[in-house]
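Structures incoming, each one as structure tokens.
After this come two complexes, each holding subunit A, first together with subunit B and then together with subunit C.
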Partner chain A sequence: MTRQNINRFALTLVGVVAFGLPLVLRSPTYLHILILLYLYAYFTTSWNLVGGFAGVLPLGHAAFVGIGAYTSTILSLQYGVSPWLGMIVGGILAAIAGVLIGLPTFKMRGAYFALATIAFSEGIRVMVENIDYLGPFKLNGPSGFQIPPKNIGLVNYMFIGKEPYYYIVLVMLIGVLAFTYFISRSKLGYYLNAGGEEPEAAMALGINVARAKLIAMAMSSFLTALAGTFYAQFTLYIHPKSVISLDLSFEIAFIALIGGRGSIAGPVLGALLLRPVSDFSRIYFGATLPGLHLIIFGTVLVLVMIYQPRGLQEPLTRAYNRLLDKIIGQTAQGKVRHEYS
Partner chain B sequence: MGSIYGLTALGLTIIFGVLKVINFAHGSLLMVGMYVAYWAIVFTGLHPYISLIIVVPVMYFFGFYLQDIVIKPIFKAEKDVREPITVIIVTTGVWYILDNLTLLIFGPQYRGIQDNPLRGKMIEFGEMMISVPKLWGFVAAVITAAAVYWFFQKTRMGRAIRATSLDREAASLMGINQFKVYNVAFGIGTATAGIAAVTLVPFYNIFPTVGVLFDIKGFIIVVLGGLGSIGGAILGGIIIGLIESIGPQFMTATWTEAIVYGLFLLVLFVKPSGLFGVKYDW
Partner chain C sequence: MNILEIKNLVKDFGGLRAVDTLSLSIEKGQILGLIGPNGAGKSTAFNCIAGVYPPTGGEIYFAGEKINRRKPWDLCKKGLARTFQIVKPFSSKSVLYNVMVGSFATTDKTAVAEEKALKVLKLLYFEDKKDERAGNLTIGERKRLEIARALATEPKILLLDEVMAGLRPAEVDEMVQIIQKLRDQGITIFVIEHIMRAIMALSDRIVVIHFGKKIAEGSPQEVASDENVIKAYLGDEYVVS
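Let's look at the complex of A and B:
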């Protein structure tokens, strides 16, 4: 058996388990937790496009979640447009917003971009909380929208039971992972990598770093907004404090960072490890020890950043490769190519 | 109020000026300072402002060791990076830990000082009514800024700090222990947050997430005033404070918040180095 075959086998196995899980697991609570887990993995993977590959630190992705959720909800509630269509519109709006923030800040270093994204997303939240009508669109201020569960069906992005949502978010996650894989192997991916690691050297080689980052930002915000629509249709209730909150932005960034920025598996791994922690600590200690999961998050984040700045995926990938070596019986003589990431 | 924003921003700008990182945990440090001040006042029954003699050293060493234990390893690991993003991330982690630890220990309730000699005191100033604790806040802000400025200009340590902030490699070649400088700078930044906390305590509620408000305002102010500029921090704070106090005369109070964010983005577009910032490479 070669290394590639094993990798392929493992991937297929994961895929089969992921698709087959709802057939075995009938408890809606666990399905709900799984759906949120995939959703967060999706968020972090699309965050990773700009936060990981481009080497900057966006801390306002909740703004794009909000734009996606609000656009599709408003269009479907007030104009009868299918949320699927609204999802695309929201994505485009979010991409425009992303470019607008990136335009002045990508030319500057380090912290400015992080600060601008925070200010932008907080600004959007304050606006939404204060405006009832934006032109012909009703925004409903701080109370947000309750989406009435009628007109159930595929066209309206509304289903009974959790299974359809499970498959939608799973397909979305696989899609965004494939997209990330494709980007990381493309010219843009190399540009981004170069610009993130050594901006001066990259620019000296004639790479337009700012432009590459802008494209990544547009893609990332577009993809994030798509999941915003999913969130709205899944929970059927959105309000500024839930979809545009700073906490959401930070959680997305944290999970991706702990998992490992700039790799494909890292953000998913982060969600896989941390979402259950937060869900179960909320279930079991939510009443007695409030905020415990955030303390765990913070501590893990600090420790990971000090001891494994590239995230948890790095040691795990190494362990995985060593395991493969053992299975194959190859000796590590430098010929082993560590391709899997 | 604006001057207290300024004080908070002052600590941020000191830390940024030297370490080249935004300290995202700054609001939490302010919160910690407020709790320290609160307990100092409650246990000893001191006049709120006298609690400074407890709060400032406590906060200084808190910041000193926070930097020494948590942040230093990263600087050691990433020697050649000029503005390590990793440090921002770590301070964010510290923010979460501090806020939620406080929530865990002290609970979510709002606290305020009972039998407070300063509560609601006003002085008349022509036609204006000025709240006494806020006036003292302004005085404290000006004195602190002047003291920090003097310290940076005149003392040996201050010179070392400035040298490190210009070029940390050259400074360490000159025999300056850059990590010690970082510790001291972080300690001073935290101590100014402590001063801000003491001036806040007499008229502001204390709760675990109080820092977040000041955190984001602080970021806006330091960018507005120019990252790393001491005068810019105070002035930026006063500008934001003015907008917030005059704004509600003309519109609902929440709208002024939106204006503040709008102003911030405008400054980023038009003059990213801020009002008083130095216009080189960031």
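Let's look at the complex of A and C:
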């Protein structure tokens, strides 16, 4: 058995389990939790294109979730456009917004960039809360939109049970992971990593660092907005505080930092670890201690940054590789070399 | 033909004139040495040429084209590559990854970039370190990585800023050989160096600057016996043979 075969086998196994889970797991509550888990893994993987590869720390990605959710919802409620189409329009609008936000902010470093992205997304939230009409489009201020469950079916991106949503978000997650994998091995991936780590050296090697970051930002905000539409169709209720909230932006960053940003497995791992904390603290302490999950995240983040600054992804990858070595060692009894990539 | 020509280059940092009406030119295929005491303005001159700082005054021509306000990445794509005196490796990545970043200057394909990077590593006797994390390299290896990355962009001219500082004597000799090998492949070399033995052995011509101004220019022998140079820079402890 080779390393590649084992990897393939493990991936297939995970895939089979993920696709088969709804057949075994009938509880809507657990399905709901899993759907949110995948959704956050998706959000964080999209965020990772900028926040991980490009080495900056965006803290306003909820703005793109909001743009996606609002665009498809407004187009479908007010113009009868299918949310699938609205989703693409929302993605494009979010990409434009991402570039506009990135243009002035990518020149800033560290905390300044993070603060600027917070300011932009908070600005968008406050505007949406205070505007009833944007041109011909009704935004409905702070109350947002209830999406009436009429015309249920695939075309209208609306389903009765949780299973269809489960499969949609699962496919989206697999798609965005595959996309990230592809980018990380492409010229753009090398350029983003180089520009994030040593911008001056990167520029001297022919990289227009600002441009690479803008491209990543456009892709990241586009992909994030697609999941905004999913969120709207899944919950059938959106308002500024739910989809354009700092809470959401922070949770994405927490998941990335704790899981390990800049890696492909990091965001998924982070979501696997943190989403249950989030859900259970909301279920059991939602009334008494509503912000508890963020405090737990903060504590975990401090510990992870001290002991595993590259995220939990690193020790787990190492453990996995050691396990593989053992398996291969037993079957082939040969010497195994570790490789960096 | 002059591949690089600088006319009356001036660079001010606030009230400090780091480079003062400096003129020089390099012929294609030459090795030009640039020497001068610490703080003479050598690295600043490099940074102006490579597009990091816009010059305060004067003109810079590369292959006949004025490049005064060109961006570093454009210049690199045109064939002007440089190393940094203070090395800047992508520390969390492997040596191969670092060099591949350079290779992408002339290709969009990852497989081609890898192939080119491996060739460069071979040329620099650096293949055995290809999977090493750049952050784990010794100073000598980091300097070599700087050269490898720059070389991977397939430059016409290579600006080397003190790539031998901190190397052991044996490593210096190897570096001299490597630089000569690059020149033999047709790459023009503009080199800043403090190690006299190396710069004397390498350079076709040497320019000496002091307080940003050129104080001497000529063959290594001419420069070494120039009175101004000995006074301003070499001091008494250097004996030229």
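Basically, the second predicted complex is superposed on the first by the 323 of 341 C-alpha atoms of A that agree within 3 Å, B and C clash if a C-alpha of one lies under 4 Å from a C-alpha of the other, contacts with A are read in each partner's own complex, and residues count from 1 in each chain.
One rule holds in what follows: a residue touches a chain if its C-beta (ideal position, glycine included) is under 8 Å from a C-beta of that chain, and two chains touch if they have at least 3 such contacts.
Only a predicted model underlies this, so the values are computations on that prediction, with no experimental measurement involved.
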item: Partner chain(s) touched by A:198 [first = subunit B, second = subunit C, both, neither]; value: second
item: Touching partner for A:177 - first (subunit B), second (subunit C), both, neither; value: neither
item: Touching partner for A:185 - first (subunit B), second (subunit C), both, neither; value: second
item: Contacts of A:277 with subunit B and subunit C, given as first, second, both or neither; value: neither
item: Which superposed partner A:206 touches (first subunit B, second subunit C, both, neither); value: second
item: Partner chain in contact with A:295 - subunit B first, subunit C second, else both or neither; value: first
item: Touched partner set for A:25, first subunit B, second subunit C, both or neither; value: neither
item: Which superposed partner A:111 touches (first subunit B, second subunit C, both, neither); value: first
item: Subunit B or subunit C, by number of subunit A residues touched; value: B
item: Contact footprint of subunit C on subunit A as seen in their complex; value: 185-187, 190-191, 193-194, 197-198, 200-209, 310, 339-341
item: Residue numbers on subunit B that touch subunit A, as the complex places them; value: 16, 20-22, 70, 73-74, 77-78, 82-83, 85-86, 88-90, 92-97, 99-101, 103-104, 108, 208, 212, 216, 219-220, 223, 227, 252, 254-255, 257-258, 261-262, 264-265, 268-269, 272, 281-282
item: Parts of subunit A lying in touch with subunit B, wherever the complex brings them together; value: 55-57, 59, 103-105, 108-112, 114-116, 118-120, 122-123, 126-127, 129-130, 246, 250, 253-254, 257, 289-292, 294-295, 297-299, 301-302, 305-306, 309
item: Complex interface listing, subunit C residues touching subunit A; value: 50, 52, 71-73, 76-77, 81-82, 84, 88-94, 97, 100-102, 104-105, 108-110, 113, 131-133, 149-150, 152-153
